[in-house]
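Structure record follows, encoded as structure tokens.
We call the chains A, B, C and D, going by the order they appear; numbering starts again at 1 in every chain.
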Amino acid sequence: MLLEINNLNAGYGFLQILRDVSLKIKKAEYVCLIGPNGAGKSTTLKTIAGIIKPMSGQIVFEGKDISGWPGNRVTRLGISFISEEMNLFTNMTVHENMMMGAYTIKDKNTKNRLLEFAYGLFPRLQERSNQLAGTLSGGERKMLGIGRALMADPKLLLVDEPSFGLAPQLTDQVFSSLDTLRQEGKTILVVEQNVTKTLSVTDRGYVLENGRIELKGPSAELADNAHVRKVFLGV
Amino acid sequence: METGVSKHEMGFFSSVLDRLCLTPLGALLLVLLALLPLIPPFNQQYLLRWLTIVALSAASAIAFDLTAGFINIVNFGYAAILGLGAYTSAILAVRTGLSPWIGIFVGALASGLLGFLTGLLTLRLRGIFAAVMAWFIGLALMGLAIKMVWLTRGPLGLRVPRMFDTSSNEPYYYMMIVMLLVVYVICRWVTRSKMGLAFKAIGQNMEAARTSGVNPTYYRIVNFTLSCTIAGWLGGFYAHYMGILTPDLMHTSKTVEVLAVVYIGGRGSLWGGAFLAFPFLIAMELVRSGFSNLPGLHLVIYGVILILVMIYLPGGIASLYYRFLYKPWGKFWEFMVGYKEND
Amino acid sequence: MLNSYFARAFAWLKTAGGITVATAAVLLVAGTIDRGPYILVNTVVTGGMLGLVAMGLAVILGVLNIAQFAHGEYFMIGGLSAYYVIRPLHAYLDAHPSAFLAMVAPFIAMITATLVGGLAGAVTERVCFNPLRKRSRANWVMNSFLLTVGISVVLVNGDQLLFGTDFKGITHYWPGVVSIAGVFMSVDRVMTFILSLVIVTGFWIFMKYSRTGQAIRAVAQDEMGALMVGINLEWIMVLTMSIGCAMAAVAGASLLFMYPSYPTVGLEPLYMAWFVVILVGLGNVMGALIGGFMVSLLKVLTLEYIGAGWEFVVPSVIIILVLIFKPSGVFGSEVRSVLDQ
Amino acid sequence: MAGKMRLSVIITVVASIFLFTSLAVAAEKVLKIGVLGPFTGPSAKSGKEFKDSVTMALDKIGSKIGNYKIVPVWIDSQSDPAKATNAFAEAIERKGVVAGCLNWHSSVAIACMDLAAQYKVPWIAGMGAAELVVKKWRSNPQKYSYWSCKFWPVPGKLEAGQSVAFMNWALKNGVWKVKAKKAAIFGEDTDWGRNAGENLKKALKAGGWEIAFEDYFALTQTDFYPMLSKYKKAGVTFVGGTTTSAPSMTGLVKQYREVGLKALLFANGLSWVGEWYKLTGKASNGVIDVQAQFGSKAAKAFAKAKKARFGYAPSAPASGLSYDGFNFFIKILRRTLEKYGKITSEDIHKVVMDEVNTGKLTFTEADGAILMKEYKYTAETAPDPVVDTNHYFFPVIQYENGKSSIIFPESMKEKDFTPPM
């Protein structure tokens, strides 16, 4: 088991959002977390990434209890979080952003290898490597966000709303790059609004409603589930 | 701030209090203030003098809180605007012989006008920018007061006729207490009307306020103008009480003094700073005079308290009241007079 | 190729920053022709010092979003530390003259001051800002600003209680006077100017090329992003506060010959640093250096054509105008930052 | 949260303890006298010198006059008239001060005069020199007689007059030659600086000088390169002015050398702070000044004793004048006791009115005055002292390697004038 979450409770200040959330991810799995707005999907990712401190519960990564660790230590361990808004360094060039992604890696050769891999995945980024990140288009920003996260050589990628604010063909592009990563052996946990699309590409899925896991199972099964169809697909 | 009990359900006493925006506890404190000069040791002139100055600080704190606590802009040039009112009134009295009783209102108008302009100028600015803008307006104003020697006599000091022809402090004290009450009632009345809600909305999130139909321009200017008008009015009192004016009155450190009182007292409460001013400033004076061998000790304590409050008690003393005393007191009053506190 | 450079230079000249710099340059040249080379020399030398003081402020503003009101107090701490190092060294030198030691003694003092200032900054961050940050990030800019007001009051009066009110100053670091373009000035001033350029260049290289420097820039641009790539935010914040305060301290130390250290010495450097920082835009670190020269020019011209004492009124008015028409500073972008809230 | 509560409780308790202890009536035969000075704020250094001088004077008499034990009450003016009046009133009412002496700022003097009159507590030897103090005093001499014996005359009488008199003399006698009589006046932008500047301007104009510049700068100003460069360019031959701020003055003196200005510099107040030479070094050589000197043997002994005890070189005006002022005050108290058999505010005031302001009771070198030959007040001069070479007088001095020597008037001359090169 790569990541195991047991009875996680978390929220902001006095406001509790997650209630007893438990989930498991094996190595090289492609898992999605779906649910309506405000169900706590992003909160789950942020809590795993160490941006929000859990109130109680356990987050175990590769056998280590990392609950309550600050974000930078979690990243060092091999978990990269890609937020909805990307959090790029807008006044740095694309290249500098990529190199910042490899902040935790000291070895030059590893860095170059990772950069080559990321640029291979997103040739567009290489073309723009000297441009300021703030001047990129929405799709390019998304690519840069993923590219930067890859620079940390993560074992687990947490992706928050990859299709957010993107045109349909760009969404496809982003999803296909996630697919490539998955084939490269990366483990991915993705949070999405676009339920149909997500369930068609992922292995397994969890359904989060009002801060609780309501359903789980292989994606194909979930896509056929009556409740899911009713709530998310409006069928 | 809707009242929980409609007006006709209240007794006459409660209704008057409500119109004055006072709680019974507040009214009691006010009565206490009025009687203070009769109670030893406060029947001594120096304590009356301290109390007058403290009451002035309290009133300044209320007006300062109107901007800082409601629209969330720290008017860092506050002391300078107070000084403008003081100088206007003083210069009129010296040059044209205008009675201080009219002069302090003209001074208030002058400060209000500047407040209006400051409000206009800081419209596009938010938070720290607006604070810095007000700060520089204050610095420029103080610079002018120093350099325009022909008008203000600069640092030489302007001698100002006093308001009452007596060396006793009682008239000044009572006048100041009345001014304090007037300032409080005006600010309270404004903030618990619809306008107060608008202020708070702007202070919390200007964009959200704008989209929900509140016109930030109008309210910000009204707020600044009102706060500065009051400052100018109080400045006039200062001038005619102290009998001498120097541009030092407009120094940033004077703003910091008011600011500290407001923040330690609890910003956004209006009464917090005003209430705190009395025990706190007098305690500070006592520390200063008790430890005269360690000059500056009281200021260190002052600074440390400000730091601690900023970090650990952002709501100031007022929040302690709401947490620990408000409810028990409310029950007590309910029991005693059948009056339900609201607000 | 050359053409495109010209085109870009022209485009830049049309921006607010370009117009301001060009106007400043024209004024400087006009003033120099009208009154003599001393206008130019004084502007340049004073500008270097102002830039150094302002840069520390800009770093703290830009990275930590703290509008530092106690900056002058770290300036004071720097002067104080340098004083207690250089006095015994000078006393020793009087007894045992040594050309080499006389040359390096000031550097020992300045380095000590830098270290003490840096330490003071780190302690401040841990003791004051860190607890505040942990408690609440709401309304951060205003709250931290007011916190610095409290720190300033404590440091000024604490200095008086502990070290007394004496003026702790020196006659000079390095004796002698040099002549530049027929204008005489002390070696100390020239050295301070050179020193400020060295520090500023070193700082620029550090920020641009070192891993830590890049991490600081990253934190300034996006704290969450920085956390996501594995940067230790707490460490960067301590470090940044430390660097900012150390810059104020080294400025105070290198200017000890002009500003003896006493409790309220920090007021003037504080005002001047704020003039600069507002002029160029809050948190614009490199702009602060150019801003230092512009404010220095403003001071020199005001004094030359209007008279002493107006140096506060005239820049204040100009700053007010800048804030009205270009609230983000003459070099600032229109992008609203966190400081805007 | 509990911590906060505790804090406020502690504050309240401390405050009430203060209140109650203060209410305890002072023991008999204790005479509480006030000492007003800026013990905090920008002029705190002068306040410190006041305090130490008063301590020394008290130790000399064992804090006793007759069977009265003298207890000093330090009143911090905080360089602010409003705060000063608060502290002043409190000292009189709560701490039971019956009389007092000293003060530094003119603005504080103007505010506290009213209180002294209101409480009928005599106060002497305040330094606030400005004309405004005299004007206010003369507007109602009866009322303001409680604030008497101003210890520093209006600057025009001494500083400006003496310096210009000296220059006229030097030019006439050929010990100093100038290309043009072109002067620049500088000063701190306060009541003191401006008043002194005005007087210097008047005196210079009367002496046929052209005033090329007049600059008043903030107390915090320490960079004078632009200003001095401007003077140099214009070719001024005399630069004169004053500031009480040591960083400003020493900075100006140093920078005046550095920019190579060849004019005669009259830096009034350079040695008001004891450590001045540590700050200027040799740059002060040749600078002239008009001010009180630790000239006499007694004065030098005092300076030495003070340095030994408090660890700083005392300045003549802050330390010396406050020492003389306080000793004069003791003399008045003694006289009161002798004449009335007791010391009360009213008795002290009567002595001041009947004997001091009429010139009968003076304070002379024989009484232990260290700076002046005699402090004397008459009905014509009050509240200012009599100013001449046998009474209150500042000679013109020139600095050389950290020492100063009198160069004018000729009757007091210790050394010849060295003109600027």
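Note that contacts are C-beta pairs under 8 Å (C-beta built on N, C-alpha and C of every residue); 3 or more make two chains touch, one makes a residue touch a chain.
Small disclaimer: the values here were computed from a predicted structure and weren't measured.
**Student:** What is the chain whose Cα centre is as far as it gets from that of subunit B?
**Tutor:** Taking each chain's C-alpha mean as its centre, the farthest from subunit B is A.
**Student:** Going by CA means, which chain is nearest the middle of everything shown?
**Tutor:** So the chain nearest the centre of the shown protein is C.
**Student:** Using mean C-alpha positions as chain centres, tell me how far subunit C is from subunit D in Å, no decimals.
**Tutor:** So the centroids are 37 Å from each other.
**Student:** So the centre of each chain is just the mean of its C-alpha atoms; given that, what is the distance between subunit A and subunit B in Å?
**Tutor:** Between these chains, centre-to-centre, one finds 52 Å.
**Student:** Taking each chain's centre as its mean C-alpha position, how far apart are subunit A and subunit C in Å?
**Tutor:** The mean C-alpha positions of subunit A and subunit C differ by 42 Å.
**Student:** Among the residues of subunit B, pick out those that touch two or more other chains and give their numbers.
**Tutor:** 146-147, 295-296, 299, 312
**Student:** What residues in subunit C touch two or more of the other chains?
**Tutor:** Where subunit C meets two or more other chains at a single residue, that happens at 157, 160, 263, 309, 312.
**Student:** Please set out, as single numbers or ranges, the residues of subunit D touching at least two other chains.
**Tutor:** As it turns out, subunit D has residues touching two or more other chains at 40, 44, 47, 189.
**Student:** Can you work out from the touch definition every pair of chains that touches here?
**Tutor:** According to the stated criterion, the contacting chain pairs are A-C, B-C, B-D, C-D.
**Student:** In the complex formed with subunit A, which residues of subunit C make contact?
**Tutor:** The touching residues are 211, 214-215, 217-218, 221-222, 224-234, 335.
**Student:** Which subunit C residues qualify as touching subunit B in the complex?
**Tutor:** Going through subunit C, the ones touching subunit B are 67, 128, 131-132, 135-136, 139, 141-143, 145-147, 149-154, 156-158, 160-161, 263, 271, 274, 278, 282, 309-310, 312-313, 316-317, 319-320, 323-324, 327, 339-341.
**Student:** List the residues on subunit D that touch subunit C in their complex, please.
**Tutor:** 40-42, 44-45, 47-48, 186, 189, 213-218, 220-223, 225-227, 229-230, 232-233, 246-247, 250-251, 254-255, 257-260, 273, 275, 278-283, 312
**Student:** Name, in rising order, each residue of subunit A that touches subunit C in their complex.
**Tutor:** Contact set of subunit A toward subunit C: 49-51, 70-72, 75-76, 80-83, 86-92, 96, 99-101, 103-104, 134, 148-149, 151-152.
**Student:** Where on subunit B does subunit D make contact in their complex?
**Tutor:** Those residues of subunit B that touch subunit D are 41, 44-47, 49-50, 53, 146-147, 149, 154-157, 159, 167, 238, 242-244, 246, 248-249, 279-280, 282-283, 285-290, 292-293, 295-296, 299, 305, 308-309, 312-313, 317, 320, 323-324.
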